[in-house]
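Two complexes come next, and they have one chain in common, chain A, joined by chain B in the first and chain C in the second.
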Partner chain A sequence: MIIRVFCAITLMLSANLLHARGTGDLGIVIERASGSMQIIETTGNSSLGRIEGLGDLSHASAVYSRDEQFVYIFGRDGGLSKIDLLDKKLVKRVMQAGNSIGGAISQDGTLVAVSNYTPGGVKIFDAGTMQLVADIPASYGDSTLQSKVIGLVDAPGQKFVFSLWDAGEIWVADLADRSNPVITKFKNIGSNPYDALITPDGRYYIAGLFGEDGMALLDLWNLDSGVKRILNHYGKGEQKLPVYKMPHLEGWAIAGRYTFVPAVGHHEVLVIDTQTWKEKCRIEVHGQPVFVMARPDGRHVWVNFAVPDNNTLQVIDTQSLSIIKTLTPGKGVLHMEFEPRGEQVWVSVRDEDRVAVFDTSNFRQITTLPARKPSGIFFTSRAHKTGL
Partner chain B sequence: MTKVSLPVASMILIGTILMMNTSIADVSVARQTELVYLLRQDCGSCHGMTLRGGLGPALLPELLIGKSEQFLSTTILEGRPGTAMPAWKGMLNKADASWLAHQLQRGVQ
Partner chain C sequence: MIIRVFCAITLMLSANLLHARGTGDLGIVIERASGSMQIIETTGNSSLGRIEGLGDLSHASAVYSRDEQFVYIFGRDGGLSKIDLLDKKLVKRVMQAGNSIGGAISQDGTLVAVSNYTPGGVKIFDAGTMQLVADIPASYGDSTLQSKVIGLVDAPGQKFVFSLWDAGEIWVADLADRSNPVITKFKNIGSNPYDALITPDGRYYIAGLFGEDGMALLDLWNLDSGVKRILNHYGKGEQKLPVYKMPHLEGWAIAGRYTFVPAVGHHEVLVIDTQTWKEKCRIEVHGQPVFVMARPDGRHVWVNFAVPDNNTLQVIDTQSLSIIKTLTPGKGVLHMEFEPRGEQVWVSVRDEDRVAVFDTSNFRQITTLPARKPSGIFFTSRAHKTGL
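And then the complex of A and B:
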C-alpha cells in the first residue's frame, strides 16, 4: 500500500515536472502530406514530438489560445483540430465543412472562426468546448449561390473580417453578442479577392485582388467610409505571368511607413506608403513572390517564391529597398516563420523533408530538422498578435 | 458522307492508339514520378493535394467524365483565361500534359 501511494505520488510529481515548462518558445510544423504535425521548441531548436491523424493538411494553418497551451489547426478537408501542446495530445477534432482554407481566433480568445470553400462561408466555434456558435453562409447574388471565403482575420471588438472570392465582397462579422452575430457587407470591392491581411493595430483590412489590378482597403475605424481601392494602376497594360501559386498576404511586412506585398503575376514586391496608400516603388525579385514577411524588427523583409522558383529565398533591406541576400535552402521552400524577436528564422523545405533554421544576422544555416513534407510553421508568439 | 472502309478505319484506329502510346511512352518513368509529385504538390495548391478541390475544382475521375483527354491537356497547357487556372506550358510539354490528362481520367495512383 505504502509503495503504491509512493508510486502514485512519484507519477504525479513527474507528470507535473513534465508540465513545468512555459510554452512561449514552442511552435508547430505542419507535415502536409501525412496529416501530422511536429511540436518544436526554439530555445534549443529541437522537436518535442509528433501528433498524427489530423486529416488532409495541405494548405493548413493554425492559431493559438491566449495561454499558448492550445493550438487550433485548420485542415483542407474541413477538419478543425485542437491540440494541447503540453500534453502533446489531440483534444478534439471537428469535421465542420467539406473544404476549408483557414481561420482566426477572436480578440478575447473565446471564439475560433473557420473560413470554408465548401460550403462557402464561415463557421464559428467556442474555443473551449469546440461547439458550434454561429454559422454564416457566404450567400450572394440571388442568395442561391455561396462564395468561397478567404482572408479571414480577427479584429478588435470581437470582430471577424473576411472576403468572398466568387462574390467580390468583404464582410465584417461582429460577435460581441455571440448568439446574434451582426454582419456588415461591403459589395463590389473588386474581382476575386484571393487573400487579405489586417494591420497589427487592427485598423486596416486589405484584400489582394486576383481578377483585376489593385487592392481593396477597408478602414475598420471608419466603416461608413466604405472600401477604397488602392494601387489601382499597378500592373496596368502589362502582361501578367502565369500564376502557378496564389500569393499569401498573411502577416504584415511593415517597416517604418512602408509595407511590402507580393505582386500577382509579376516578379516584383510592391512597396506601399501606408500614409498615402500609394505605390512607393517596386522591387524586382527572383520569381513570383508567395510570402513577403518582415523580420520582427522590420529591418529586413524575407521573400519566397512560387514554383518553379521555390528553391530560393531573398532578403530585402528596408532602408535601401534593395535585395541584399539570395539563399537557396533547397527545393520546395514553402513557408518561413521568425522567432519572436527575429534572431532566427525557420524555413520549411518540403521536397527535402526538412526544416532549416537560419541566423538572420549572417544568413547562415544554424541547424536542420527532419520533417515529412513540411509546409506551414507557426510559433506560439502569434497568440498575442491581431490577425495571426 | 464519306465512307471509310473497315481496313482503313482499323488502320486509323491503330494509328491513333500508336500515337497515343507514343506520346505516353515519351514520358520516362522518372518524369512520371516528377509529374505525379507536381500534380499533388503544385496543382494541389488550388485543386487540393488529394484532388478534391480547393480554390480550383475537384479533379476526380468521376467528375471528369465527358471531358476528353485533348480538352484536359489543352487546359493544362493553355490555362483557362478569366479564371485562376494558369497556362503550364512554360513548365510542361505536350507529352507531359497528355500523360497527366490520362492519369486524371483514370484516377491518379
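And then the complex of A and C:
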C-alpha cells in the first residue's frame, strides 16, 4: 500500500514538475488539415506535445495571454479555442460564429475579440472565463445589412480596429468600459477592404482594397483627420499576372524608415517610405510574394511565395535593397516565425509534413521537426507586442 | 505513517502547483539597501516573494533567460546572481570581480557577460552552469594597463559591445565560437566613455563621453566605417548648472524617427533626429533628467529627475513635443518600467519604501506596493529584446 502511494506520488510529482517551466520560449505550430496543433519550445528546438480537436484550422491564427501560459486559436469554422500550454490541455472551446477570420487580444490581456464572416460582426470574450462580453454587429446601409469583418487588430488604449468588407468602412471600438463599447465609424474608405495591418507602434492602421487600387490609412493618434488614401498604384492594377494568392498584409516588414510590402500579382517587393507613405522603389523577387517579414533587427527581410513558387524563400538586405540569399526549404512553404531576438527562424513546409529551423546568420538549416501539414507558427513573445 | 506521507505529498504538491504558471507577466524590483529583490507579477499587480542575500545592489541591473524562468542580477560588488523565478530561489551566486557595473545576455541566451571596474575587463559565463567561459582583460596602451569597462550591451550575432573608460576605446567581442572570442577594437573614440546604449534594433552603439563633449557612434552594420563623433554639443558644455547625476544613456527613448535624450546638467530633454544624428530641438523640463523613457507605443515619453527634483515625473507628447502631465509620485523616484504593451508603468519611490503603478492612459495611480528602498524594476519581457 505504501509503495503504491509512493508510486502515485512520484508520478504526480513528475507530471507536475514537467509543468513548472518558463513560458517565454514556447510556441505553437498549427496543423491545418487535422485540426490539431503542436506546442514547441525554441531553446532546444523540440516538440512538447499535440492538442487535437480544434476544428477547421485552415487560415487559423493565434494570440497569447499576457502571462504566456494560454493561447487562443481562431479557427475558420468560428471556433475559438483556449489552450493551456503548461497543462497541454484544451481549456475551453466556444463556437462563436459560423465562419470567422482571425482575432486579437486587448492591450491589457483581458479581452479576446473575433472577427466573423458569417453572420459578420465582432464578438468579444472575457479572456479568463471565455464568456461573451460584447457583440458588435457590423450593420451598415439602412442597418438591415450585415458585413463580413476582416483585418481585426488590437490597438493601445483597449481599442480594437477592424474593416467591413461589404460596407467599405473602418471601425474603431474602444473597450475601456467593457460593458459599453464606444464605436467610431469611418465610411467610404474604399471598395472591399480584404485585409489590414497595424504598424508595430500601434499608430497606423492600413487596409488593402480588393475592389480598387490603393490602400486606406487611418492615423489612430489623429482620428479627426479621417482615413486617407495612400499608394494609389498598389493593388491588382494592370494585372499582367494572375493573382494566385492575395498577400498577407500582416506580413509587412518595417525596417528603419522603410516598410517592405508584397506586390499583388507581380514578382516584386515594394519599398515604401513610412514618413511619406510613398513608394521608394521595387525589388524583383522569385515569385508572387505572400509574407514579407523583417528579422527582428530589421537588417534582413525574408519573403515566401504563392504557388507555383512556394518551395522557395528569399532574403533581402535592407541596406543594399538586394537579394542576398535564395533558399529552397521544400514544397509548400506557408509561414515563417522569427525567434524574438532573431537568431533563428521557423518555417512551415506543409507538403513535406515538417517545420524547418534556420540559423539566420548563415542560412543553414539547424533542424527539422515532423508536423502534419503545418501552416501558421506563433511564438509566445507575441504576447508582449501590439497588433500580433 | 500513511497519513504522514499524504501530508507530505499534499505539501509538496501544493508547493509545486504554485510554481506552475506562465512567466510572461513576471518582474523584479531591486531593493538596493538590503541586498534583496522582490518577484512581482503585473497581471494582478502583486508581490510573489522576496529573495535575500544578493550583496551590494546599488546600481544593480538584471537580464532574463530566454524562457523567462531565470533572472541574472549584476551587483555592484562583483556578484553575479542567478535566481529561479518559479522556485523563488537563488540558484547560484558567483563573486566574479571586486567591483562591477552591469552586464548583458547573448542573443541566443547561452552566455551572460559582466563588465568590471576592478580589476577591469569582461567575464563571460555559461548561462546554464554559471561556469566561466571567457575572460577578456581590458588591456590597453603598452598592455600592462587595465581599463574599467562600462556600457556593455548584447548585439545580434552573438556579439557583446563595450567601452573602456580609461583607454577611450570601444570593443566588439564576437562569441559565435565561445571558446575563441574575436575582438575588434576601435581606438581614440574620445575621452572617458562613461555609459553607452544600443538602439532597439541592435544597429547603433552610442557612448557618452565624460572627458569631453559629443558622443561616439558605432554603426555595427558597417564596422569598416569606424567610430564617428555625433552631437558635438552634447555633454557638460558650458556647465551652467552642477551635474547632480550623469544621466542614464540606457534611458534613451526612441519614438518614430526621433530619440529623446536627457541633457547633462541642464533642465532639458534633447530631441535628436536618428536619420542625421543631429539635434532637432530641446524641451524644457522640471529638473535635470535621469531616465527619459518612451511608452512602448512611442506616443509619450516619461522623464524622471536628479536631486533635488527627484519627487517628480513629467510626460512629453511626442507629436506636439510639449509636456502634457507633471506627476509627483513621492520622494526618491529612481526608476520606471513600462509593462510590455504600455498600459501601465511601475515607478520606484525609494524614500517612501514603495513602488507605485500608474495607468498610462489617464496618469492615475492604480496601486502601490511596499518595497525596501526600491531602485531598478525589470520585467521578463526584456528577455525578448536586444540590448536590455
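As a working rule, the second predicted complex is superposed on the first by the 364 of 388 C-alpha atoms of A that agree within 3 Å, B and C clash if a C-alpha of one lies under 4 Å from a C-alpha of the other, contacts with A are read in each partner's own complex, and residues count from 1 in each chain.
The rule is simple: contacts are C-beta pairs under 8 Å (C-beta built on N, C-alpha and C of every residue); 3 or more make two chains touch, one makes a residue touch a chain.
Because the structure is a prediction, the values reported are computed rather than measured.
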item	value
First, second, both or neither for A:115, with chain B first and chain C second	neither
Contacts of A:20 with chain B and chain C, given as first, second, both or neither	second
Contacts of A:33 with chain B and chain C, given as first, second, both or neither	first
Touched partner set for A:192, first chain B, second chain C, both or neither	first
Which superposed partner A:146 touches (first chain B, second chain C, both, neither)	neither
Touched partner set for A:163, first chain B, second chain C, both or neither	neither
Chain A residues touched by each partner, larger count belonging to chain B or chain C	C
Common interface residues of chain A - those touching chain B in one complex and chain C in the other	none
Contact footprint of chain B on chain A as seen in their complex	32-33, 56, 58-59, 76-77, 99, 101, 117-118, 148, 150, 165, 192, 194, 210, 242-246, 307-308, 332, 350-351, 373
List of chain C residues in touch with chain A within their complex	1-2, 5-6, 9, 12-13, 16-17, 19-26, 41-43, 64-70, 85-87, 107-109, 156-158, 176, 201-203, 221, 255-257, 275, 296-299, 319, 340-343, 361, 380-381, 383-386
Complex contact set, residues of chain B against chain A	38, 40-42, 44-46, 48-50, 52-55, 79, 84, 86-88, 90-91
